[in-house]
Amino acid sequence: MIRSWTRRWIPMPAQSLILFATWLLLNNTLAPGHILLGAFLALAIPLLVVPMQAPQPRVRSHLRAVRYTLMVLYDILVANFEVAMRVIGPMSKLQPAFVAVPLDIEGTLPITILASTISLTPGTVSAEVSEDRQWLYIHVLHLTDEAQLIAQIKSRYEAPLKEIFGC
Amino acid sequence: MTPVIELIICAFLLLGGIFVLLGSFGLLRLPDFYTRLHTPTKATTLGLAGLLIGSMIYFFVAEQRLVVHELLITLFLLITAPVSAHMLAKAALHHKVRALKRTQGQNLFTAARKRQPPPADN
Amino acid sequence: MNLIWVPLLPLLGTLVPLLTARTGRTLCAWTTSLLPALSLLIVLFHAPTVLSGATLKSTLPWIPALDLELAFRLDGLGLLFALLILGIGLLVILYARYYLSPKDSMGRFYSYLILFMTAMLGIVLSNNLIQLWVFWELTSISSFLLISFWSDKREARRGARMALTVTGAGGMALLAGILLIGNVVGSYDLDRVLASTIQIRNSGYYPAILVLVLLGAFTKSAQFPFHFWLPHAMAAPTPVSAYLHSATMVKAGIFLMARFYPVLSGTDMWFLIVSLTGLVTLLTGAYFALFKHDLKGLLAYSTISHLGLITLLLGMDTKLAAVAAVFHIINHATFKASLFMAAGIIDHESGSRDMRKLNGLWKYMPYTATLAMVAASAMAGVPLLNGFLSKEMFFSETLHQSTLGALSWLVPVLATCGGVFSVAYSLRFIHDVFFNGEPIDLPRTPHEPPRYMKLPVEILVALCLLVGMLPGYVIGDLLNSASSAVLQGLVPEYSLAIWHGFNLPLAMSTIAFVGGLVIYYNRKVLFQFQAQFPEADAKEIFEKLIQMLMAGCRWVNDRLENGSLQRYLMLMLLFTFALVVTPMMALSQLVGERPQLPISGVEITGAALLILGALATVIWHRKRMIALITLSIVGLIVSVTFARFSAPDLALTQLSVEVVTVILLMLALFFLPQRTPKESSPHQMMRDLAISALIGGVVGTLCYALMTRPLHSISDFFLANSKTGGGGTNVVNVILVDFRGFDTLGEITVLGIAALGIFKLINRMRLFMPAGDERGRPWSNDRYPVILATVSQLLLPLALLVSVYIFLRGHNMPGGGFIAGLITAVAIIQQYVANGVDFIKERLKLNYQWLIGSGLLIATLTGLGSWAFGRPFLTSWFDHFHLPLVGDFELASAMLFDLGVYLTVIGATLLILANLGKLTTTERPVLTKEEL
Amino acid sequence: MEMAYALCVGILTTSGIFLTLRGRTFPVVVGLTLLSYAVNLFLFASGRLGIDDAAVLQAEATNYTDPLPQALVLTAIVIGFAMTAFAVILAMRARADLGNDHVDGRLPTITEESTAKEKP
Amino acid sequence: MLSTTIVIVSALICISLIMNLIRLLRGPDLPDRILALDTLYINSIGLILLFGLYKGSALYFESALLIAMLGFVSTAALCKYLLRGDIIE
Amino acid sequence: MEHLAILPILIPLLCGVLMLLPPISGQLSRQRSLSLAALGVLVLITLRLLLQAGSDEIEVYVLGDWQPPYGIVLVADRLSTLMLLLSSVLGFASMLYACAGDDRQGAYFHPLFMFQLMGINGAFLTGDIFNLFVFFEVLLIASYALLIHGGGKQKTRASVHYVVLNLVGSSIFLFALGILYGTLGTLNIADLAQKVSQLAPSEQAIASAGALMLLVVFGLKSAILPLQFWLPRTYSAASAPVAALFAILTKVGIYSILRVFTVIFGDDAGALAQIATPWLWPLAILTLIAATIGVLAASSLRQLIAQLVVLSVGTLLVGLAMARSEATGALLYYLVHSTLVCAGLFLLADMISQQRGKAEDRFVAARRMCQPVAIGIAFFIGALAIVGLPPFSGFVGKALLLKSTLLEGEAAWVYPAILFGGLAALIAMSRAGTTLFWHTSREPDSCDRVSRLQLAAVFLLLLTSPLLVIFGGPVSDFTYDTAEQLHGMSRSLHLLLPGGGS
């Protein structure tokens, strides 16, 4: 009963939370008026846009999600230093490569997050997803060991994502 | 504003600036489209993050209140940059943009373009 | 009885035949003549007064700015003409009753005829020159209608057009002449003009006035070289010819000369032009009349000749000549009208007007023949008939000429020659038609016409006889009074006696008779002689000339208006340059005294990017996609520039508009060729570049000159009142929604209209759908890339939140309804791009048209709200409130207005893009070779 | 600075007009867009340039950028957008109706010379 | 120190912008140019932020945010154009 | 009643907006009723405004209660109200015609028509130069949309030219406004007039460049010589009621020239006084010559009428060039006349082409019209009026204009140009009439009678012509007083600046 009511009126709780936070961020304030307004918008906007959202798996473990985010942020930092080195370094030593990564996770959102993560992290850019969504093609700036790279992606990113979304 | 804080701000700004520069430098220097795709998505994003954090601290100090909305831009860029890169890569694949000769796994190109699984021998 | 009724009654009378046409032909004729008859009665009622030397006047105000009054005068000249117009007019009405066939629309005919009568009366009774001109042109128009009465005949149409063109041209000249007179005299009042002889003659414009007025008169009166239209006007029904082309309209020119005689004559120029024109016309008319095989053609040329005679008389420098002219006007009207009517009877009863077929009609219609012969004798100037008297006077006046100096003896000689031919063609009219053997295959067997068809002829012929025998009694007073009106003073002594003894004029008449007989007797030789010359048909020549004129104009026009936008644009730009360059030359000091800003590396970089971006767009404009990308740089840098120069609102707006524009351009580019073919030659390129550089140079220079000068503007007011009066600290936004909210209302209306217009354009558009890109690559099959789709969905709420944020802060900080609207629109467009039209269509039930409508409605109603408080449209209201928990906040009507802006922008943008998207989705073809 | 700014405006105008003088709809629209950038910059500059001016009312600020031209430019941008949008779609419509994208709706009679050039 | 840093960083970003432009003009392929444009967008965010810092004004934040948002939309649309021709279908 | 002055803008706006919303948006019959009702009311309101202005009272409507020169004002003086009445009568007749079926040939006809009128009325009313730009754009964008109403290649082709030229024109307009604001620092027309005479010499040159740019812009709208080439094709392509309404678009240009170059750069503008005059003279004469050629070159009735519009523009320009109160009075009379008559003729041309089958309005033999009498009478009136022959209004207008021409220096150019133009029109019109009505190849096989509504619309417009002659006295008095007021305005600017000015 309560659950269905919540579903009806707070269809996207996570987004609502993000929106609420964003509103306060945007306005740089904790004034009561803005908290009210922010809350209102955080509830109203999802109601407006919910029809335009494809159904997505729910986040099962919020804690893991936060951990995953922090890890990715750290990787981004590292990735950038690495790429920076390659840019300055000699071009002739560059060993770019195309790699096909088999995917185990399902659902557009998890795949999207995985692909984005890969793009943001060391020397890889996700270039294409196969039509059956079983393969992710990535371009690697400097490939030393393909199998290791694939294994690393799967263990470091895909596995946690599977846990977060439970799929 | 204490010199230490100023120093921190400057450090962030400089770091940001350098990364932005490196990103663009890579864009100019790297040998093919696919390699060039790496730098803007990463270095530039980080560079901007540096600038944004620097600016955040500055306003925090200057206006004596927490000005965090620069975080939004960072967040936004983090979400969109990989998507842009992905779309560009798709477009490049579709346009059969040549990769550097020594790129490994070029046999995947056709499959990737057609969004098929990789050929069996891979 | 007010004079105004004289033309007014016939004017009303134009409606009568239209109403009574169905009641039967006779009744129609009778009712039609009723009002003109009343008019005639009024004229007759006034006649004694006028004949006694008075001039009647009547004036009503009309258009003071034009000095145009409804002013009528009845003097001797007017009386004479009014009598002719009304008298002969009534006879023509009677005659036409029998002439017209049942097929012809009698109502229309009479209506035109009466209209013409009104016009003529207007001319002769006008006491205001502009009014005179008005009626003058009306005669041309009604004559056009009458000539083209049988409009299914080609010659009727052509003849009418020719008459209208020639007399119309004359009318234009006359108007110019009249305006000049008015300018010189300071009035169009005929009384004042007639009293300003000295002023006009001494003014430098006299030659122009004279030429222009005479052009009007000569064209109307078919004087050489404008005579050619008259014979072709004979395509009209014969009653019309009798009335217009002999008795009245062609006399309008003569009337005009007579009217202006006191003012314009008396100079060498007048005498020379008028008398020579008259003389030439007299001779050519008489000569050509002889050779016409068409009965009406003969009469037409004879008319030309007689009009020449009258003109010649008016061009002579004796007062008696003027009297003779007036006299001949009367005589010619009577005999020529009766002749035309007789010709009409012959045509009507025998079915032909060709004198080579018409022979020996005496046997068939002796009575008509007698009448015609009397009239023709009058025309030839046979004694005891009116023609003789005026011709004698004419001959006598030719002897007193000195205008041509030593060559003045030529005038009587040539006049006699004219007389000779006049006798000859009159003889031919009599002999060739009524005698000269038997008729040759006539369509009908001729017989006498109905009784009342002859009556008008009888009356006119009787007049010829009466005037011829008892001139003093019948016509003396009228002639005297008319002549005195022409001369505006004392009429010289003259005698209207039939017998003046044996004198030189009589000898000239005798020569004319004998000569005429001789010539007619030897006509075969003369006809053969004339046959050597190819007959130049004036109508053909005229038509050809007009055709050539039109073809020439078409040629020029096609060159000028060649349908090339590039040409038009170039002209516009060069014109702009030409206009602007003159003041620019006067700008001695380019740099003003305002201190300039220092320039730093950032700005140099910005400028470099902008310039390179623009140049790249130009250089790569043929590769359209690249041009689009380089265009984006320019757009981006422009918005950064705005940001740099402390205009964040502009930066935001420019940025969002730029992105939407690029998206639109991409949508369009899909259906357009991907490349521009190379069409311009290097020469053209250089030319275009030069023009653009000229304009660009001018604009840049002006910009620089402006920026380096100090400015004192009204802006301080906005800065001072924005917070206190408009309730916002973002002055730009307060200007937009408050100080100049009306502009904004217009601006969003433009946006809404553009969307509607674009909807119309998209509607039923048939597009070329390329199946692959410019290099023939087929499109990717990935319609909605999954990652893009997912992220776009995720971002939508965030984007909406941002737009709300931008909207709410607009009044105090950069932002506002427009930018917020564009952000929302872009966010939704992004959904269209990423997820497709169908996806959105299913999920977003938003009627964009209603959105536009309600946006505009909200904005307008906000403006209207101030009426409730007795304030003008768009007066704003704002206040600060405090609520517990919420705290301080401001409410302003401007926000409501901004909401209207917001909704309109979303509605308009999406109406455009979504419809464009929808259209293409449904019609994507499988694969065609088109446009690869 | 003013010199550089004016130079930019001049070059934008030149580029815009040059493209507007091309014979095909797409370059014309691109040219009009460039021209409208030039117009907006020009109109903005009529309030004179200022770098360190305040954009919104502030207690401590003394110098403000002239707000009126900004408001005018905003209006001009919006109107320009509407007009460009119409022109773009009209270009499509013209292509659809007339079968080519020439601004005159008909292809110019191409001389031998230019076709020869076009082939390679 | 801060102002010097700002000047230096501005210079760095300007150099970046010029490099972006060079890539954009050089291409060689359309994706290269779009990539360069995208980078140009993002780098100009940096420039705008520096304006804000330099003037000590937070008013430029929205411009930066908007460039980030719209730059993405524009890049996505351009890529879709290369892929499908029709960006809204 | 205090808000009367803004109603000519608000009524079309509100009606247009309501037509986009339910319950009116879906139903054509409701749109028609609303349109006609609104236009009827508009005629009454503008008439009332005209009568008010006739008492020499200039009404200044201060929008948003922001006193001029800071806020935007509407100025309802004699000139603007005259133009307003003209536009509403024209609008009413065109709408009447459209309601017979032309409005069904495409979407949004009624709202667009309303917005078009709003733009036109706004341009006439506004006392602010930038607001004038905005209303120009409103009327332009509406005209673009209306031009394509009904579809077809001709319209598309004409639109491309019309739109591109006007877009460049709008750019020039904005350059000019930038210059004017950049030198004079204000936008209110009266305030501009006040400041222009105090301009420093170094800024005079810049300001006059801006002023002359405005001449280009207005010249483009009013189709003066090197800028008129778009007109014939555009007007002859437009659907009849649209073309009829467009008859006033050129007059908006003329009006603007009149307003700007009489009030701002008029006699009292110091060094910038009458800066347009030296240009207007040759342009007027050349426009007349070009139009004369065009008139003789036309091969269809619509083309001919379009060229006659240009001819009338040339005639009006002559009046502008004289830049005297008397000439302006004449010009205004001619303007009223030519607008109504040209509009009527455009409608008439449509009826004629409807009835002549495939030949449409081209000057070739075709089947006989099935209602030659009614249409013929209308044609006769229209032709005489436009050619400038009595008894219809054209002659009064031309004669007034010629009468106000000075003999020294002016008449030698003006007389021949105008009179030859009239003669050419006479030749062309008589050919047109005889060919269209009388040169028939066969009887009509079926009769598509024009509706009464259409006939009523045509006669409503064309019968104004004799009325303008019969009431020529009061009408010309009004236009002469209007001219007087206009030319005196730069000396009584305080009337337009109730706030006192700056």
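A few comments on the model shown:
In order of appearance the chains are A, B, C, D, E and F, and numbering begins at 1 in each one.
Just so it is clear, contacts are C-beta pairs under 8 Å (C-beta built on N, C-alpha and C of every residue); 3 or more make two chains touch, one makes a residue touch a chain.
Quick caveat, the model's predicted, so the values are computed rather than measured.
Note on connectivity: the fewest chain-to-chain touch steps from chain B to chain D number 2. Using the contact threshold fixed earlier, the set of chains in contact with both chain A and chain D is C. Listed by label, the chains touching chain C and chain F alike are D. Contact tally for B-C versus A-C: the pair with more C-beta pairs in contact is A-C.
Chain centre most remote from that of chain A: C (centre = mean of CA atoms). Every chain gets a centre from its CA atoms, and the centre nearest the mean of all protein CA atoms is that of F.
Remark: chain B and chain E have CA centroids separated by 11 Å (rounded to whole angstrom). A straight line joining the Cα centres of chain D and chain E is 21 Å long. Mean C-alpha position of chain C lies 40 Å from that of chain D. Between chain A and chain E, the centres computed from C-alpha atoms are 23 Å apart. Listed for chain B are residues 25, 37, 45, 67, 69, 72, 76, 79-81, 83, 86-87, 90, 92, 94-95, 113, 115, each touching two or more other chains. Contact with two or more other chains is made by residues 16-17, 20, 25, 38, 42, 45-48, 52, 54-56, 68, 72, 75, 79-80, 82-84, 86, 90-91, 93, 97, 103-104 of chain D.
The set of chain A residues touching two or more other chains comprises 22, 26-27, 115-116, 126, 129, 131. Screening every pair of chains for touch gives A-B, A-C, B-C, B-E, C-D, C-E, C-F, D-E, D-F. Partner chain D is touched in their complex by these residues of chain C: 563-566, 569-570, 573, 594, 596-599, 603-604, 607, 610-611, 614-615, 617-618, 621-622, 624, 627-628, 631, 634-635, 638, 641-642, 644-650, 653-654, 657, 660-661, 664-665, 667-669, 671-673, 676-681, 688-689, 691-693, 695-697, 699-704, 706-708, 711, 713-715, 718-719, 722-723, 729-732, 735-736, 739-740, 743-744, 747-748, 750-751, 753-755, 757-758, 761-762, 765-768, 812-814, 818, 908, 912, 916. Residues of chain A that touch chain C in their complex: 12, 15, 18-19, 22-23, 26-27, 31-33, 36, 41, 45-46, 48-49, 51-54, 56, 108-109, 111-112, 115-116, 126, 129, 131, 133. Residues of chain D touching chain C in their complex: 1-27, 29-31, 33-34, 37-38, 40-42, 44-58, 64-68, 70-75, 77-86, 88-93, 95-97, 101, 103-104, 106, 108, 110, 113-114, 117-118.
Those residues of chain A whose C-beta lies close enough to touch chain B in the complex are 22, 25-28, 76-77, 79-80, 83-84, 86-88, 91, 94-100, 115-120, 123, 125-132, 134-135, 137, 139, 141, 143, 146.
Within the complex formed with chain B, the chain C residues making contact are 777, 780-782, 785, 787-788, 791, 794-795, 798.
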